[in-house]
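Below you will find the structure I want to go over with you.
Chain naming follows the written order as A, B, C and D, and within any one chain the residues start at number 1.
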């Protein structure tokens, strides 16, 4: 690499923690070459998707941000089917991560934000998992994980960025310093992140996997492209015609997607922007129960292992009546109950 | 830079042509730090925008693709005001480039595609300008110019890509080969492109510069971010409320934009997706006239120098009646005239 | 046998290569006609993309521009140039089409200039546009071209878009994606592929009315020959009917 | 003079720093309250962004998450995390807020862990999230924090987000953007800035009820002092009224 004179004397550092995934774009191309591009119905079931698309040891990533627009049904089913030794992309994952930690599914984590629940406080379980060394971690940041996905989506093995430089976050990452061949500017080179499996919850999808999202997309268009296997859960399955009528609104095209499932209220207990708010009582009670391991084990069993599927889980927590209330909160509507 | 053993013996090449713009992100940050973020009306006039925002010697870039969704009014006014020695980003610019070449405004060009008019044929004038050496050129490709803009939009001085490697296109570019610090993979490093000025035509904008585009966005969201000064011409000025009602459809936010002008039918003689088709007769007659310099000079004078503004130009070429026909062609409607 | 023009044959041959459920990036003209014909014959679920951002449109009429509104008519998605090109770079795009003024034995293509002074070329052509990107990044590059010994040349004046560069492993060594490169060159006389090892152009199939001598005489470099050379099947009645009456009823492409 | 809580003072001080027509990225809690207060007092056209993608929303109620629907309520645009972070990296974002368990004299912040074994920390905190990015990329970083000598420490257990690193020119030499870094540290006792040359923390203004001794005693490293130290103006009636009745009527932030 051509380096400018002024900087050629500086030493370029490397993060010392493990890189959990292969950034090689030719290996990814080998996979994508054979990924189906067919315009066939991809409708499936939660059970079947997790059975056939998630393997022990896979590296997975969950769409949305925090407890917003999360594919809860898939996350629960990964726990129910006792998937183990998963790698995980922790870019502001909160409730989703805590469910998976409750099920002891995760053994490696690219970590940016997984211990907290934002304004709600910290997760005792997530904290314990990290503090005990049970989960092997490599440090990154939110933007860096999104750029690592973007590099993969672009088909390149790294992306330069100005985050992490000079910090311990860099030191415990797997990034490497590089210099710009034009300016000598130092960058953190971020290795492309190609997850084995991604689950994304969207507002609307068709049977082929074309998707629309309303509100912040977070990193989900890049996640859908970067991931080898992608399942979409959707609030509503809509006709393909609706995409052809408004093609500018399509955010994920069908050839990125391997399976589609209609899961109404599928982000519960999280927030679904413009549809229903998060169930704050539920999330706070979850956090509270985490502080008492026995109580939590019983609660977790009741909520996940003892519910057959997401419908039973919704019913257990208040069903349509609860969702109706959360819809009113979302839309800042006073329901006249006072 | 850490290089893998297998590749460290290979020589890394550099393109030998001139890099017309500064890729340094700190210099760009100095500019962007002081760029106005205020939510004030930015309505202006074509004449005033070109007078105050375009300087001789500036590097400019035009939105859209080919003769589709182009800001014709601004392009004409640049010619009328006799701006000189402009640098130009030629990523499939066709009619827009040929107008500027007709006005002898351009002296440097990052070239990917400017000589042809796609299925319509080649431009004699554009060809002559390049063959004569009058315009200094550096070779790139369409994707590479879009990635150079993306690097600038991202605030980094280069982007790795797998285009151009091994070719004369690379040799006559200003790219540099680099190696991935993780895989040893060779890439073309593409220097960030920060234009001084960009003009983009959109379907809808508000008075602050928030924009919506229907159909292919080409590179325009990145162009709006990468450019120091941005003017938007819009088919329609719409209330800001319409953006707040559908914020997922905003493609360019107000703080990227310095001026806004309502220019109905503003892409004429080009195509405006979902609104009106290109005037193929006009474009073909332009190409034909280019073959005869005297005839072209007269035509160019009549069309541009002798028209006071874009309204006069539209009237000269058929006004509302012509546009109505082009709307029917766009929408594949038989107007019953047969 | 129905009478047909060379361009009609080339389009039919290209259309047969594009298998169902593949993704192809096309431009205007013959490649677009080939993709449309393929959709209407063997590959109803062929996904067509345009580099300006049009994805899976319903092509009712032929686009004039890679970015005009025909490329997004009833599209599944309207996207951006970087998005399309990144899909190619990621390995999701199977086919692309290239054109050019010169091609060499390794499938390298010149669409930039004739002459030996880049700053003042004798003749300037459109240049790369997105051609270099597509040739670099898609899995399989196709070309339809009339064949003559000036166009099929020993040495390009300018290497715009990469084929197999200097042959052998040179393409991969330059950093280009493995498992990519020129796949078929479709001329009025023959269909060529490329030798697995040397990466030199190799005749696979001979079009009706031509023989080995014609093909070699109209090529400026020495061609290789497949062990078994097949006869190119002429256009069928059905192909010609759809091509002439549905794909290009105005004869924009096939009328030339 | 109206009675007020330390948190209320800190929010008012932060709100006064955010000038009109600036862009600020905020999270949940006090920073969001400060930005909302600023909009409702001196800076009606302050643009507020959230790192998950919310741009210029009308904040009717306080978000619980940086990505929840309050951050996009009547927003001008809903975007993505890379888009927001790239705007920061490009230099379009003026202010951000950080929090943390430890801060040192150069404004470096630890929000990751306590202990000396990264693989098995004594206490794990939330970590960077987007904090390292914002601290690296925005022009001016603000922090609101209670002040004590454990939190204001000589040596961080972990440097999560960059301040001026080891002072002097070290931040720029590490590759971080010039003209960026910690701008103001707002505590219950004082407002600190940073020395131009050494980049060490420097007291600029003392809050009502505190003196130099309090401030130094509640700081684990030696503070610098500006030539002219001002008195921090207490919250005005108007500020408190808006903060208590409009911004945070439920006391989520200021009630603590």
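Following the convention adopted for this analysis, contacts are C-beta pairs under 8 Å (C-beta built on N, C-alpha and C of every residue); 3 or more make two chains touch, one makes a residue touch a chain.
On a predicted model such as this, the values are computed, not experimentally measured, just so you know.
A.B. asks: More C-beta contacts across A-D or across B-D?
C.D. replies: Looking at contacts between chains, A-D has the larger number.
A.B. asks: Which one of the chains is farthest from chain A, going by Cα centres?
C.D. replies: C
A.B. asks: Can you work out the whole-Å distance between the CA centroids of chain C and chain D?
C.D. replies: 57
A.B. asks: CA centre of chain A versus CA centre of chain B: separation in Å?
C.D. replies: Result: the chain centres lie 36 Å from each other.
A.B. asks: Averaging over Cα atoms per chain, report the distance between chain A and chain D in Å.
C.D. replies: For chain A versus chain D, the centre distance works out to 27 Å.
A.B. asks: If you average the Cα atoms of chain B and of chain D to get two centres, how far apart are those centres in Å?
C.D. replies: Whole-Å distance between the two chain centres: 40.
A.B. asks: Using the touch definition from the top, which residues of chain C touch two or more other chains?
C.D. replies: 72, 78-79, 82, 89, 137, 177 - these are the residues of chain C that touch more than one other chain.
A.B. asks: Residue numbers in chain B touching 2 or more other chains?
C.D. replies: Within chain B, residues 25-26, 155-156, 161-162, 185, 187, 214-215, 247-248 contact more than one other chain.
A.B. asks: How is the touch graph of the chains shaped: line, ring, star, complete or other?
C.D. replies: Drawn as a graph, the chains match no named shape, so other.
A.B. asks: Give every touching pair of chains, nothing left out.
C.D. replies: A-B, A-C, A-D, B-C, B-D
A.B. asks: If we count contacts the way the header does, which residues on chain A are in touch with chain C in the complex?
C.D. replies: Per the touch definition, chain A meets chain C at residues 25-26, 28-33, 35-40, 152-156, 210, 225, 240, 243-245, 247-248, 250, 253-255.
A.B. asks: Which residues of chain D touch chain B in their complex?
C.D. replies: Checking each residue of chain D against chain B gives 20-23, 45, 47, 55-56, 58, 72, 74-79, 82, 86-92, 94, 137, 139, 177-180.
A.B. asks: In the complex formed with chain B, which residues of chain A make contact?
C.D. replies: These residues of chain A touch chain B: 1-3, 12, 14, 19, 23-26, 155-162, 176, 178-183, 185, 187, 189, 191, 213-215, 247-249.
A.B. asks: Quick check on the complex: what are the chain D residues that touch chain A?
C.D. replies: That would be residues 27-29, 50-54, 60-69, 71-73, 78-82, 85, 89, 108, 112, 118-133, 136-137, 156, 158-162, 165, 170-171, 173-177, 252 of chain D.
A.B. asks: Which bits of chain A are touching chain D when the two form their complex?
C.D. replies: The contact residues of chain A facing chain D are 10, 64-69, 91-92, 94, 111-116, 118-120, 122, 127, 130-133, 136-137, 139-144, 146-147, 150, 161-169, 172, 177, 185-188, 214-222, 271-274, 277-278, 280, 330, 332.
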